[in-house]
Amino acid sequence: MNKTRLEAFSDGVLAIIITIMVLELKTPESNDWESVKYIFPVLGSYALSFVFIGIYWGNHHHLLHTVKKVNSRIIWSNLNLLFWLSLIPFATRWIGENNFDKISVAVYASLLAVSGLAYYILQQSIVAHHHFTEKMKEAMEKQRLKGIISMFAYLTSIATAFVYPVISEVIFVGVAIMWLVPDKNIERAMEE
Amino acid sequence: MNKTRLEAFSDGVLAIIITIMVLELKTPESNDWESVKYIFPVLGSYALSFVFIGIYWGNHHHLLHTVKKVNSRIIWSNLNLLFWLSLIPFATRWIGENNFDKISVAVYASLLAVSGLAYYILQQSIVAHHHFTEKMKEAMEKQRLKGIISMFAYLTSIATAFVYPVISEVIFVGVAIMWLVPDKNIERAMEE
Amino acid sequence: MNKTRLEAFSDGVLAIIITIMVLELKTPESNDWESVKYIFPVLGSYALSFVFIGIYWGNHHHLLHTVKKVNSRIIWSNLNLLFWLSLIPFATRWIGENNFDKISVAVYASLLAVSGLAYYILQQSIVAHHHFTEKMKEAMEKQRLKGIISMFAYLTSIATAFVYPVISEVIFVGVAIMWLVPDKNIERAMEE
Amino acid sequence: MNKTRLEAFSDGVLAIIITIMVLELKTPESNDWESVKYIFPVLGSYALSFVFIGIYWGNHHHLLHTVKKVNSRIIWSNLNLLFWLSLIPFATRWIGENNFDKISVAVYASLLAVSGLAYYILQQSIVAHHHFTEKMKEAMEKQRLKGIISMFAYLTSIATAFVYPVISEVIFVGVAIMWLVPDKNIERAMEE
């Protein structure tokens, strides 16, 4: 059983998730700079979600690359991850519509936390059925560390959302930057 | 004539079906817990449909894996299946909007029944043009048994929808769980 | 320059075209049989368009299969075809909203005619750069004949749309059936 | 690390971008020729954006074809390009809704300029990690020249948008035509 269709299907779903968010962007009602300025926060939430989905796609790309055998457990862990990620456009629209209000920010943060957990479960399903080189294990360990830090950050941002939503947003950006810093280790490990 | 494009096209359609349902999710109107709670049944119908499409994708993956030659009959049986599955986002939205009312639940159940029938037709088109090993036949027989049980469950749920829609919903969840239990047989048969 | 991405991109666009039409389907306003019955014509126009896109996908599949070298002319003939097909969800929604009124039916018929022309242009771009076996040429000749008949049918249906739209609809169904009858010739020719 | 998924994901996103624009097309309110005529400018903006995305897809196809090794820098330059292109359906809808008014045209022009810049950055990320033949370098130089001309054209069109939006539109069409003229050089260079 090969992994080509698993990758193709995941690419399809992630490509749709990342793109349909733009359907939610409402065009400004009137044509003066005042209403145009109003777009920027909504555009910001779109950009943030785009980056998060992009990070997941990149990591998913690396993770699936290591897979040799696909079984039911991997298929369903993968669908579980895609399910939670598919709710991100919904949460993004909500944040935009509510102008980053507390509940919507808390829901967004929770969704990121659950998605992180789903990614961890997928990682474990793959690890359970594969043998890795030392280098590879080291690289995955580093990824897992980033995952744990992110999880703490998300949980903190759920709490801060009810007091100062802006702190949660800063945390989101911080987590995104942490993941964007290219991980030379995993790339080197995979090349070997 | 190879099956690569048949798989790619089906993956594309299934990926879109499973993802666009999230476009239907309406964000809560106000920002208090009362309106947020209101989301959960709608989210539940989305989750249920996500799982059903996921099950079809998994089974389709296994079924197409056995195909060696693609002909017009297989192409059109496949498009027939995709047509009925493409109506699931519509039925899901309907259920959500009507708060699981009888007619919408009956339509949803009918759609699942027709999709099951379409899957059976696709299976027959493939069987008609291929020779299988004993193990493979056995595994397919088991799948077919699950298919027949599902069909009876769907027909029952159409009837119960008019009296107690909640029973239909329990039946849907039950069928989903039956399919989610991984079928070790078909996996082993395909590895050989 | 290989054709893999041309096929993948076309499959993606066709998969989206065929699936997003379902987003246009409006759920019935109230929950009695009267409003449910009202869905059927809309559903009918969706089914018709689904079949037409399906036919194009099948023929495109066969046509691209014969391609060995992709050049700019083929790329742009292909994009031209995809452009016109991408308008079909728009025309389908229009027909549905206007309850098969004359102008919408005429626009739908014109779109089918232009798409047919675009397919012919793509076919010619491919023929100009490839050598075919006798069998293959014969099969393509038959396809071209079907294309010419369809073109006459579409032009007729534009005219009838203004008098009896129902005749145009019968013509659409007739053309679809003509294409659905599997063309054994082209399949045999391609296997050789 | 191979480039298959990078291409597949990009194809998916581009296919969705090019197709979802049709969801924005509003059907005419009444059924007389007056309201039907009203569609043409909106349809025109859709056609223009379709051609621009088509050009990007074609160039992306050629560019990625030269890639042998994918690294984080290429992945993120690519996602950056896809982000800006994903906003084109939004800008297209805006132009249509505002009947090609100045601010919407200026935003559209700016988006084309930023997308051009993002494409240039992707090109540089790829050039930095690959060795090319002389012929290939020459062909890429020509592409870069076209890119610079386009950039000047876009910047001009931002300015003209505030005075005579129609001039900006003529510039858009001019740029599209410049790119549509097939570049025999790059095709020949790639075949070698």
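When the chains are written out, they are named A, B, C and D in that same order, and each has its own residue count from 1.
Operating definition for what follows: contacts are C-beta pairs under 8 Å (C-beta built on N, C-alpha and C of every residue); 3 or more make two chains touch, one makes a residue touch a chain.
As the structure is a prediction and not an experimental result, all values here were calculated from the model.
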Equivalent interface positions on chain A and chain D, same or different at half: different
Degree value of the rotation bringing chain A onto chain B, based on Cα positions, nearest 5: 90
Farthest chain relative to chain D (centres taken as mean CA coordinates): B
Centroid spacing, where centroids are CA-atom means, of chain C and chain D in whole angstrom: 26
Length of the line joining the C-alpha centres of chain B and chain D, rounded to whole Å: 37
Of all residues in chain A, the ones touching two or more other chains: 8, 12, 15-16, 20, 23
Chain B - residues contacting chain A, complex: 7-8, 11-12, 14-16, 18-20, 22-23, 25, 27-28, 31-33, 36, 47, 50, 54, 57-58, 61, 65, 180, 182-183, 187, 190-191
Complex contact set, residues of chain B against chain C: 1, 5-6, 8-9, 12-13, 15-17, 20, 23, 71-73, 75-76, 79, 82-83, 86-87, 89-90, 93-94, 97-98, 101-104, 107
